[in-house]
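Each of the two complexes below includes subunit A, the first together with subunit B, the second together with subunit C.
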Partner chain A sequence: MNIVISEDDLVGPLREALLVAAVAGMSGALRVTGDPGGTIHLADGRVVGIDTPGAPGPEVLLLRSHRVSEPDWDTAFAAAAATGGPLGAELVKRGLIGSGELEVLLWTTVADAMFVLASGSVDEYRAEPGPVEFVLPLDPGAEADWLLAETARRLRVLESLPARPDRDRVVAVSGAERSGDRLAGGQSEILALADGRRTPRDLAFALGRGVYGTLLQLARMHEAGLLVTASYRAGFQFGARKTAHPAAGGKPVPADGLPRRSKDPAALARRVVPLGRTRDLPATLGLLRPRARRDADAGETP
Partner chain B sequence: MAEDKLLAEMQALRDRVTGVTGTAVASRDGLIIREDTGGTDPDNLAALAATALALSQRLATEAGHGVLREAAIRSSGGHVAVYAIGATAVLVLLGDEGLDIARLHRESRATVDSIEKLLL
Partner chain C sequence: MSSLADSLGQVAALQGVRAAALIDIETGTVVRSVGAPRSGFPAAAASMADEARLARAALGPGEPGGDLDEIALVTDGQLHLSKILPTRPGGGLLLFVDLDRNQVNMGLASLQVRQLAPAVLA
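Showing the complex of A and B:
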């Protein structure tokens, strides 16, 4: 794979993390600290799922939308747990969702969560190679290239939108709910929930929809004069994404700041990769490489 | 006014922790002191939270686990967490499915301490 780090890359530090993991064919978790932060689950270098407080996962989407009923979900969950089989296959086998529909849903949630992680702030990330631990993994996972391109596209769109995912608390304009016929599908639902307390992220959870889709819907409603931003969430870090990503032409990172190989591969895997210190790809690659290969390279093959 | 400071503390917690949908502070006998619940009936919440706290503390003591830090209830549609504020009050917190539990653990202690001082 040809890795090009563009200077004006919108996705920020997670771009490198995903590309390095893809090249290394890493399986395990990429823990992202920040706001909202989360965990990117990888299998063979592909993203199979993302846990983040910032975006609803597949379970929320399926249950809140009533696509799958809670008793059905619980039964399938218990059955999958009993056999040790994948939950996705169990849902499909029980006729609760089509395999194609499930795949689309899982792609959607991965893309949505990646967009949310990248639009927030990233303080640091660290790779934890190991088994994949995600309740509904996408199989095969999303390729880093595709996911990054899609995330960049969404971030570009976001720049033109009036509300940020977890910053603006939106409120319905008084009388908006009486607009009747002018309301498009789903808009009255949003108006009922837009009480000035909820951010787009909160609305997405309440509705059981993706954050990105909710933002687009909210932008249309802003434009139509149906709702406005009531206040900003104080905890939100303004412009954090831009400061977290090293600026173009920034100072080179001192070589002694790079992660070093250690005799203990587990300790190495736990090590935090500070931002701006991941430019030396071969060094980072060593960090992300599966344990067996790393041991072999270090001449520590058992 | 102490009550406004109290509400500010509660709202600050909601601001800092992703996924918090509401909070309420009640007395140990289940009467509401201040609420920011966003729609959930505060009186019922206060009564139930006081009872849940008392039960959880007894449960923790019975198990020999020392001082209760938090009583957490996770459901298919969200979270409820209950904290003791000194010996006189209780903080109840509502969260959605995406509640940032790690951050809540970091932030809740300071909020509980601040609220305890305000209620003195």
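Showing the complex of A and C:
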């Protein structure tokens, strides 16, 4: 029997969650438990930011790429915290980044994090309506339709690649840096860091780049013979999320035997829009996170 | 309205423009678009990003001609202008403009897009 994976299956259970949240115009957080898991921040049903240990956020991208220096970031951060104004507006006002450029960065960061969440495993998700708590929110946020279509496109592209170094530690081939072929943009930086200890995720964090863009670059470099796999590691494989396959009778069963969420749409709607619900997490203002903690969040995979 | 949508709207207001979009060269993602893009536009955008990346490898920084600045693709009825917008982090963006060739002067259209391009990321 041929099993056809539809677009819905490609993105996985988060598709349904995002669409319901969009229809309900939900504001707050969608907490995703799994590997790597994370939190999807929503405003009026649109995704304004995603926190996940699997992909670098806008702060990491700006600082690690040296687009914004740490002292400039800290000064803007302190000024925004003091006035209660948005950090993004403060960065633009200080001439550290253009308004359009920041918007592009936030769109691509949200797409990257969603791709990483959808590539991993989702054990459970929980909606927590409330105020938006994200340091650099996209305003207006990304529409669920756009985000899901882009995630599906990325997963399809990844499936089609001949070389997929998605969870492996990679190492530069001896002499690759001095090879006669001219290296494309960003490849020499990867070669310098590909020491056999870093995964694609580690490289993305270290270089201040998106995970998906890094994976594409690594695949090209593998194909060009510039990199080899040093060792395989435990962890989820991008684009190879465990999918519930139809069993006899047409009902989906878990691929791994673990408990799954209910697919009852009515139950889902009730879970996503629990009016008057008390939040069970403290409404910690992300802006007040100390510098050291923020840096620690961007650490390498052990 | 977002800053990007506003800037792209100005590009789309040029004579003969059918659609305008910002495409991330590194990932092929259509970040924003305005106007009426053709069906299958995301796949076409990814191809354009590939094309820009390959052209840059041949004509990129360090080469005698300098970095790639613009790609023009011309058919009987269409003119596609793709202007490179450098960004960091990332491999830059394509400001892609789909024009009706029968309504525009190619040189003038290129000049107009070039004049509006810097404001897109500002």
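Keep this in mind: the second predicted complex is superposed on the first by the 221 of 302 C-alpha atoms of A that agree within 3 Å, B and C clash if a C-alpha of one lies under 4 Å from a C-alpha of the other, contacts with A are read in each partner's own complex, and residues count from 1 in each chain.
Assume a contact is a pair of C-beta atoms (placed from the backbone, for glycine too) under 8 Å apart; a residue touches a chain by one contact, two chains touch by 3 or more.
Bear in mind that the values here come from a model prediction, so they are computed numbers and not experimental data.
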Review point. Clash or fit: what happens to subunit B and subunit C when subunit A is overlaid?
Key: fit
Point to revise | First (subunit B), second (subunit C), both or neither touched by A:139 | key: second
Review point. First (subunit B), second (subunit C), both or neither: which does A:185 touch?
Key: second
Exercise for review: Go through the superposed model and pick first if A:210 touches only subunit B, second if only subunit C, both, or neither.
Suggested key: second
Practice item. Between subunit B and subunit C, point out the one touching more subunit A residues. Key: C
Exercise for review: Answer with first, second, both or neither: which of subunit B and subunit C does A:107 touch in the superposed model?
Suggested key: second
Practice item. Using the superposition on chain A described above, determine whether A:62 touches subunit B (first), subunit C (second), both, or neither. Key: second
Practice item. State whether A:202 touches subunit B only (first), subunit C only (second), both chains, or neither. Key: first
Practice item. Determine, under the contact definition given at the top, whether A:77 touches first (subunit B), second (subunit C), both, or neither. Key: neither
Exercise for review: Taking the superposition as given, tell me the minimum C-alpha spacing from subunit B to subunit C, whole angstrom.
Suggested key: 16
Check your understanding: Where on subunit A do subunit B and subunit C both make contact?
Key -> 64
**Study point:** subunit B-facing residues of subunit A, complex
**Key:** 35-37, 52-57, 59-60, 63-64, 70, 73, 166, 195, 197, 201-202, 205-206, 233-235
Practice item. Would you pull the subunit C residues touching subunit A in the complex into a rising list? Key: 2-4, 7, 22, 24, 26-32, 42-43, 46, 53, 56-57, 60, 62, 87-91, 93, 119-122
Study note, to complete from the structure: Listed in rising order, the residues of subunit B that touch subunit A in the complex are 12, 15-19, 21, 38-39, 76-77, 96-100, 103
Exercise for review: Going by the contact rule at the top, pick out the subunit A residues touching subunit C in the complex.
Suggested key: 61-62, 64-67, 98-101, 103-105, 107-108, 111, 139-140, 149-150, 153-154, 157, 182, 184-186, 207-210, 212-213, 216-217
